[in-house]
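Shared chain: chain A. Partners: chain B in the first complex, chain C in the second.
So, the complex of A and B:
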């Protein structure tokens, strides 16, 4: 049997002290247990962190602080989240299945691994799983793969819906390591694959995500998340868009735009935001702004539809947001 | 309709096995835990073609709990399959050849399932690899399997007939491999007691499975028993015996202990057969009113070098569906180094009718004739090749009733002309056809001294409702409550001649046998009543004794059979009934149907969603309305998957690209539209006295075409290569 140590630290300090290379934190287990069964992840030490006091939603001071062990379903159902950040509630609602959302944690959601079929199949090479072994996706089946941020080593998308919404909201993650705590912008937290696709996060050995911090953004009350997929439920995004728009009359004065299913990490589209600001909130504006989204996309053999789908997803999200006015 | 003393036929009856299943009391193949049980796990090839040079089992053998590791270099003896039998043409572990990626090259046996699985991951193999043939397109055209052709007098060829037609349509369609995804993964528990083998394994045909296992293991067929009382879905995939079951039984023999093997979900995709990929071209020639003058149906289907089921999608579709003076069916097979293919629910008819009914819709667009009207104009009363009449065909009524229920009239044939908010709305329809088939069958009916009736037949209930069919028909025939009848299936030791649960034929074939058995059992009961000296009817003329509603009556005296059996001191009276197949009939037996659906496609992002579905079927007599509706509705949901989701592309190295439940998408509840299922009540007088033609598969046939036709109506885009995904509609 492939054996591993199973420990249940009682404090964050204890958890971080026990962690190191070869260890894995266990929260909801909806990614880790799955990947351990597939032998994609083979930690020698599993640290069950569910007893740690990393729970709670806090809105004092304007923003939103979410404990890393909060369950997706609880966050999605929280009236404060739904009111102030509809985009977050919707992104969570559209994730996974009801059963999974009840188990899965917020921290784990942000750290979930790609759904690339080659990554999950140990009988194939994969640079992310086995550095230097090669990437069958780039010349193989890549209909679901990334058109933004991919390298010659990896074109796997980041699967989280929540992360896309959080990136649009300029969220930060609080990390706790042996050397202390630090806060990182979620946008910078995810690394591009480059030649090292196995390095996915700005996470030092043993560091633990303890909290997600969403800055105050009163106009995010007008925000939405649109997710496009083949199957209507229980499926990852081929394309998704998190958008928030602040209007002055009919004129867009501020905008936040990020997309999922397109990039190797959640992809903020500041060019689209700039193209929206100062213009009237009409479909023509959205179409023109969305056109800037496809800059720098590099399609593979089966995902050439994605840049066009990204534009259309953005337009749809902006139109649907209009209907909530 | 035949008279029914208690009137349960055709009504809503709860599944007799429902409470047991809902409470978790039904034991499936993997639920058996015999004393001393060992657990096995398969090792599969990770290259597409070549040979195994070496297998390193040292780490696996050293792993805790491991009892044995079998490989091509330490095989479990198995006989080769009979060359007459279709299916895999080799036995696992008997040679070093690798025929496809996923072929079984090892079996690890350990004391727990986890240890077996873990040790299996420690087995490593070296291969000599040769290039795989995996492209159906590159291999086409394949080898013709006998061309079916009928031309009108003086017409030299189908091409000439097409060329002479005022309107022609050419439609080429394709679909990838598809998988059955039965709820129960394949599993086998094998137990030897002396030289008797009992195999618990999901089998659509338990007696055929027992015979196959006996032949492959080289043992006396009389000493092999297959038990599959409860089986979690078949869909064709459980009609042959796969290597997993054979190796399990062979390992149990070699080790002298019971062995169980349960395939992982991923293993089922490759170790067990799939519906092969197929490419088809339909050419229609018609006059300007849409009346067919010529029909050509060509297909190239995947046929694995390792053997498999032959994809013949024109035979039971284009060759029987419409009236046409000129017809040619050319079904070809392309040999590929892919995992074995096997029949999968409406195996050839679902792809075949997708091709034909897509082409018919294109003909409707070309001629401007409404799709329903077009089909009425081409309605066939006999099959167009042999000219044999249909036994009972009410397809025109299906169109009429379906159109009415759906609200088809007033449909404007202008693609992309209806919207609802940001959604493009379209409607489509298609005809369905599926062969009906009555096999010879046997059943046994037993009166027990506990007052219960047992109806038995060596067929299988795959979750489809055969238990209930047996109980309802037995109750009806004997005039007793359904609740006092026990149904028994899924046991090869039941009287020989049970039917395989495939081809939508269990009800069609078994009901007449149950009726015969009931009559024979009544006769036996009456005979016993007059012959048994302790019987109150002893010595009477059997003609003066009658059976009625569970009672034996004569001379003003009426005794229920339980009391009678007790009086006679006999624990039971039973009889077997057998029926012949109706192979000599002059008729063609087919089920028919008409589908209507509404589809919505988002104007920006293109995702197709089925909004509502109406289907009307002509399937002869229905036994249990509740199960029938569920079966037909389930087929339609499957058809939504066929149209919009289900595809497993094969990669150049022979790897299935979507061989997991995460990647191979099947519909979920959210994909399931409002479904209105209706059937006509026209018992087929020629298929049997009872008149049931079966309905297991007809529901799936042409669903994909109806959806595709509605997608065209909504968008103006015709998608020929399934599945119809949003990237094809942007």
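So, the complex of A and C:
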């Protein structure tokens, strides 16, 4: 690990003032400490933000506001989350391990880095880690890589489960920088790799995520998260689906659909949503709608199984939702 | 990480222990321009009920600190990456992996390791249950399993076998003693009520 200065700012203003291009905020540390050990991340200053008052869950005025430093396990266990947004609670429950969920923060989760093996191995090139050095994954090991949103420069998936659920719910992130605060749709927050895969999100140097805002969506009470992985627990998604459906009798009148493990960022599937709306909630409808999801997928050598897996994950999620009617 | 292992764990930690005033040994580059202050940090915390103060390089993990500085070697280093659970301890009553916890963040915290679980000479119900139920073979993962299980039971998340398996999935057992581990948690769950 490279050496760094360790500081513990006491206020948001102080944290933002101290932050700059060579610094890194430390929340739960489950990404940052890991990647500093691997020397994938080499900040010269680590700013421990755990003393900042970015805590708490707030449901006043409808919707849900989650402080960036709330821990994954606490948010998952909160009855208000479980009741109003089951998809969020489930996405969190199915993430990482009990110990990691206790440690990891909501803000840090959204900013975790890809699990691409080349990215994590400093002895290999990687455009995301070292711009311009090349992408060994595209011609190499790419079983877990993206089939949506990849470029010739990078095909790494975004690993967060929570982000998939939040994108389905139209969540926003509140950001605080030296120039002030702003709010960004989580969907637009993540960038496509293009020619610059090292630029992953719309966060300016030194900017802090202070809060996640989930709009009110009463019918999200019928929502679910399905995750498919190489082992039953404690593993990243090969495929996942966040779905919410509003029914009028047997007819789907509104739907939200997003997938994980497929895209270079959490992937909202508006075409699938459109294919569901106005139709009867039957397996036939789900299969037909899921089929539209594979349009535009571009598999690599080892991940040709993914489009089919995405379809099946979507159908399973929609069927599981029927159980909660 | 080999560098950190080689120098920090065996050397730097020891050195800092014996010569508290020694300057930090610079490891690796860091940026040449505008050198930030990478000096040591002092952390006051409670470890297994005893007030403890440690001064260390800010890179030192809780895992290395308890093993190398405090001599509490019950906590094991498996992967050093958050992937195996062998290093599980409690911080302020919550289960964490100590390999991804920086010591520097723990000022004011209360840490419990496997050494702090027993009540004097009386083993903790989980320790007894792991013996009763053959919850181990080589024993390397066991301290982490027990620390996780203690938290899982306290959280009320050990209600069914499926729930125990899911909640314990952060603790890998290379010997695959899982059936015994499950049985041990079931046994202790009753006794800990």
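Please note the rule applied: the second predicted complex is superposed on the first by the 324 of 325 C-alpha atoms of A that agree within 3 Å, B and C clash if a C-alpha of one lies under 4 Å from a C-alpha of the other, contacts with A are read in each partner's own complex, and residues count from 1 in each chain.
One rule holds in what follows: a residue touches a chain if its C-beta (ideal position, glycine included) is under 8 Å from a C-beta of that chain, and two chains touch if they have at least 3 such contacts.
Bear in mind the structure is a predicted one, so any value in this text is a computation, not a measurement.
K.L.:
After superposition on the shared chain, which partner residues are touched by A:6: those of chain B (first), chain C (second), both, or neither?
P.N.:
The second partner, chain C, only.
K.L.:
Would you sort A:117 into first (chain B), second (chain C), both or neither based on which partner it touches?
P.N.:
first
K.L.:
Could you tell me if A:309 is touching chain B, chain C, both of them or neither one (first, second, both, neither)?
P.N.:
first
K.L.:
Examine A:50 and indicate which partner it touches, taking first as chain B and second as chain C; both and neither are also allowed.
P.N.:
So A:50 only meets chain C here.
K.L.:
Please indicate which partner A:228 is in contact with in the superposed arrangement: first for chain B, second for chain C, both, or neither.
P.N.:
first
K.L.:
Touching A:33 in the superposition: chain B (first), chain C (second), both, neither?
P.N.:
In the superposition, A:33 touches chain C alone.
K.L.:
Which residues of chain A are in contact with chain B in one complex and with chain C in the other?
P.N.:
Of chain A, residues 1-2, 39, 232-234 contact chain B in one complex and chain C in the other.
K.L.:
With touch defined as at the start, can you tell me which chain A residues reach chain B in the complex?
P.N.:
Touch residues, chain A against chain B: 1-2, 39, 115, 117, 120-121, 123-124, 140-141, 143, 228-235, 238-239, 305, 308-309, 312-313, 315-316, 319.
K.L.:
Name, in rising order, each residue of chain B that touches chain A in their complex.
P.N.:
Touch list, chain B to chain A: 46, 63-65, 114-115, 118, 121, 422, 602, 604-607, 609, 644-645, 649, 651, 655, 657-658, 660, 662-663, 665, 667-671, 723, 725-727, 730.
K.L.:
Which of the residues in chain C come into contact with chain A in the complex?
P.N.:
Listed in rising order, the residues are 1, 3-4, 8, 24, 26-31, 36-39, 41, 57-59, 61, 80-82, 85, 88, 94-97, 100-102, 104-105, 107, 148, 151-152, 157, 165-171.
K.L.:
Within their complex, state which residues of chain A touch chain C.
P.N.:
For this pair, the touching residues of chain A are 1-6, 8, 22, 26, 28-30, 33-34, 36-39, 42, 44-46, 48, 50, 96-100, 102-103, 232-234.
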